[in-house]
Amino acid sequence: MVDSPNPQRRGFTTDRLEAFSDGVFAIAITLLVLELSLPEGWLDDPLTAFLGLWPSYLAYVVSFATIGAAWLAHTAVTNRIARGDTTFARLNLLLLLVVSFLTFPTSLVGEAVRAEDAERVATTIFGLNLFLVAVITALMWRHARHHGLVRDDVSDDEAAVLTQRLTPSLWGYLALIAVGLFLPVVAVIGYLAIGLVLLLPVRRHD
Amino acid sequence: MVDSPNPQRRGFTTDRLEAFSDGVFAIAITLLVLELSLPEGWLDDPLTAFLGLWPSYLAYVVSFATIGAAWLAHTAVTNRIARGDTTFARLNLLLLLVVSFLTFPTSLVGEAVRAEDAERVATTIFGLNLFLVAVITALMWRHARHHGLVRDDVSDDEAAVLTQRLTPSLWGYLALIAVGLFLPVVAVIGYLAIGLVLLLPVRRHD
Amino acid sequence: MVDSPNPQRRGFTTDRLEAFSDGVFAIAITLLVLELSLPEGWLDDPLTAFLGLWPSYLAYVVSFATIGAAWLAHTAVTNRIARGDTTFARLNLLLLLVVSFLTFPTSLVGEAVRAEDAERVATTIFGLNLFLVAVITALMWRHARHHGLVRDDVSDDEAAVLTQRLTPSLWGYLALIAVGLFLPVVAVIGYLAIGLVLLLPVRRHD
Amino acid sequence: MVDSPNPQRRGFTTDRLEAFSDGVFAIAITLLVLELSLPEGWLDDPLTAFLGLWPSYLAYVVSFATIGAAWLAHTAVTNRIARGDTTFARLNLLLLLVVSFLTFPTSLVGEAVRAEDAERVATTIFGLNLFLVAVITALMWRHARHHGLVRDDVSDDEAAVLTQRLTPSLWGYLALIAVGLFLPVVAVIGYLAIGLVLLLPVRRHD
């Protein structure tokens, strides 16, 4: 584990954890585009083929917004902690696992359109993945608060604001997963809405 | 949102935003090569097959030059600002979205050659994407200037030079998108020319 | 070789070696997801197809945990050294070679399920690759200790703890490679167990 | 162009240029593995199929060693310069272009084996690409020396050593490109040898 070279200092600085995580976020968000490709016969009717890929574009934008928001949340958390511990580092690795996995359900949602059953399955997997991203981020912050990893200059008030910010989307995702069993496209648009809301500033005067 | 851990300081430093963006630019520019591949039967007439891929190489070089130029412009902007705000960060994410999307139209341009209709569609999508990259970069700089994010040691004169630099290519892209409806290859070569011009120094004595 | 610009100072600082390595680790761990894809006819029976991919998910998680653990071990080693030498840099490049290669056997393990012979071959190659990752990491640390690259403030005791940490997994991998010739799935689950153990903290009080 | 925010200081610091370049090198070296894949029927005779891919492994290792050596050479150059100018930055972008392109000829060499004609073509393209990587790196250093970009504490002697180091491989590549027209495999093994030699230390006492 990334423990400190100095045995007196417990925990470890988060410099390389941040650099490594930034790398994974950046790659995961960029790889999404590789799932976009037109079907074989697109040369015959190129514009229709290009526009017909809209479910893939929608899934692409949802995943892009979600990974972007997850990166911003990750930055908000790591900016507010003085050091990490090994549980924090393992939660971080788990977060990176579900963030980089997102490429796969994103491609499923794009492919499943028009096949009702597949659409439902793909949207549910997609929603569960988005939910896990949000849950693990919230757990990282909760762990940091409960184990004294937060910086001294972060007020309780400010810490509480971030907690409030990271929590509500969890219920939104759960609700939309249920919706997606009946109306998959509505759920995907809902996921986009959550992603965009998460990209809004944490505090009004920010 | 990436707000400051210190409530007194509004906005946030751009360190991690720059690192994350550099990562996305670096990945997007490197992924382009994955779209290059020879058709099945290339072993029978390897040299012809290799040279016959020229539209893909052309699109590859255009995208490489454009992403390179966009990265340089991004560096020029972020070097001149003292801090970011949340609008700046969201514009930045939008820029990364269109930069990493570029891989897709690049592959379309490479595939569409010889199918006249498809060539027109692919070139238009490609041009619109390049245009969006330029527009959002210009908007980021405009936003930074109008919201006091620019560093104190950047003179008005210097700021104006960068504005002038980021603007004209917009008209060039629009003109070439129109040209591309009739002469797709000419438009692609024009896009290359704009990319190369954008790689020239901002100021003469630089 | 990355030698110092100052001829008096032998060896070199590991800043860029760490940045480059972090990049390769981050990319290798994120690329794993590209090997996941459902077979052609998945739209007919989406849930079965999705769940039927479990060997690929298992291989994915094993590789993710192993690369994560290898990155943590790499961080633990480079945090404890004051400078690198050229042998260290070449061992580092060899480590990156086997880490980034891991994507390939990971995909083989996923594909080979249900074909007994192929499963054995794929699992053996996978195990050898994991073994090489562990061996080279251990060699880097051993080299650093024997050539005075370790920082002065790292006690002999602390250095010995890291050595003990990096060694036992080697025997585990060898044993599981043998097991995998008869019971491939058991070996893969064993590899996961080793990966997870390596993610535990080095020292109790950490 | 990345010019300095302070008009008095000509040129620019190379921090972000290094970070961006490190990113591209790291991605290019890691993407190579995506070109490795076994043919459809590999499950029937897995070991033979796995070993039969040796030309791809050879090309993979050559490209890995070459990109690794190019990264080390890039580090050696940028460590010795105090600042960059726009020509340096454009040469750097050109270097990144040919480094990231290398994935494509690497895959061609792997596919072309057993088809004599294709082997010759693929090996020649591969060699030309390796040659361009070496040429542009040498040009970057030459440009830095002739335009006063080198740091004051780098002695003429040390600078000359690096020049001598970057030059001879050029002749080696040209000779091997000629050899490859008749004996492709010999040329590829020669490229590997050059890559490994370039990984040796620049100075004896290093």
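Order of writing sets the labels: A, B, C and D. Residues in every chain begin at 1.
In this section, contacts are C-beta pairs under 8 Å (C-beta built on N, C-alpha and C of every residue); 3 or more make two chains touch, one makes a residue touch a chain.
Because the structure is predicted, anything quoted here is derived from the model rather than measured.
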Review point. By CA centroid distance, what chain is farthest from chain B?
Key: C
Study note, to complete from the structure: For the C-alpha superposition of chain C onto chain D, the rotation angle in degrees, rounded to the nearest 5, equals 90
Exercise for review: Could you please state the distance in Å, as a whole number, between where the Cα atoms of chain A are centred and where those of chain C are centred?
Suggested key: 25
Practice item. Could you grab the centroid distance between chain B and chain C? Build each centroid from C-alpha atoms only and quote it in angstrom. Key: 35
Revision key, fill the gap. Chain B touches at least 2 other chains through residues 19, 23, 27, 31, 34
Check your understanding: Which chain D residues qualify as touching chain C in the complex?
Key -> 18-19, 22-23, 25-27, 29-34, 36-38, 42-43, 46-47, 50, 60-61, 64, 68, 71-72, 75-76, 79-80, 151, 153-155, 158, 199-203, 205-206
Point to revise | Footprint of chain A on chain B - complex, ascending | key: 1-7, 10-11, 16, 19-20, 23-24, 27-28, 31, 34, 85-86, 89-90, 93, 96-97, 100-101, 103-104, 107-108, 111-112, 115, 117-118, 120-122, 125
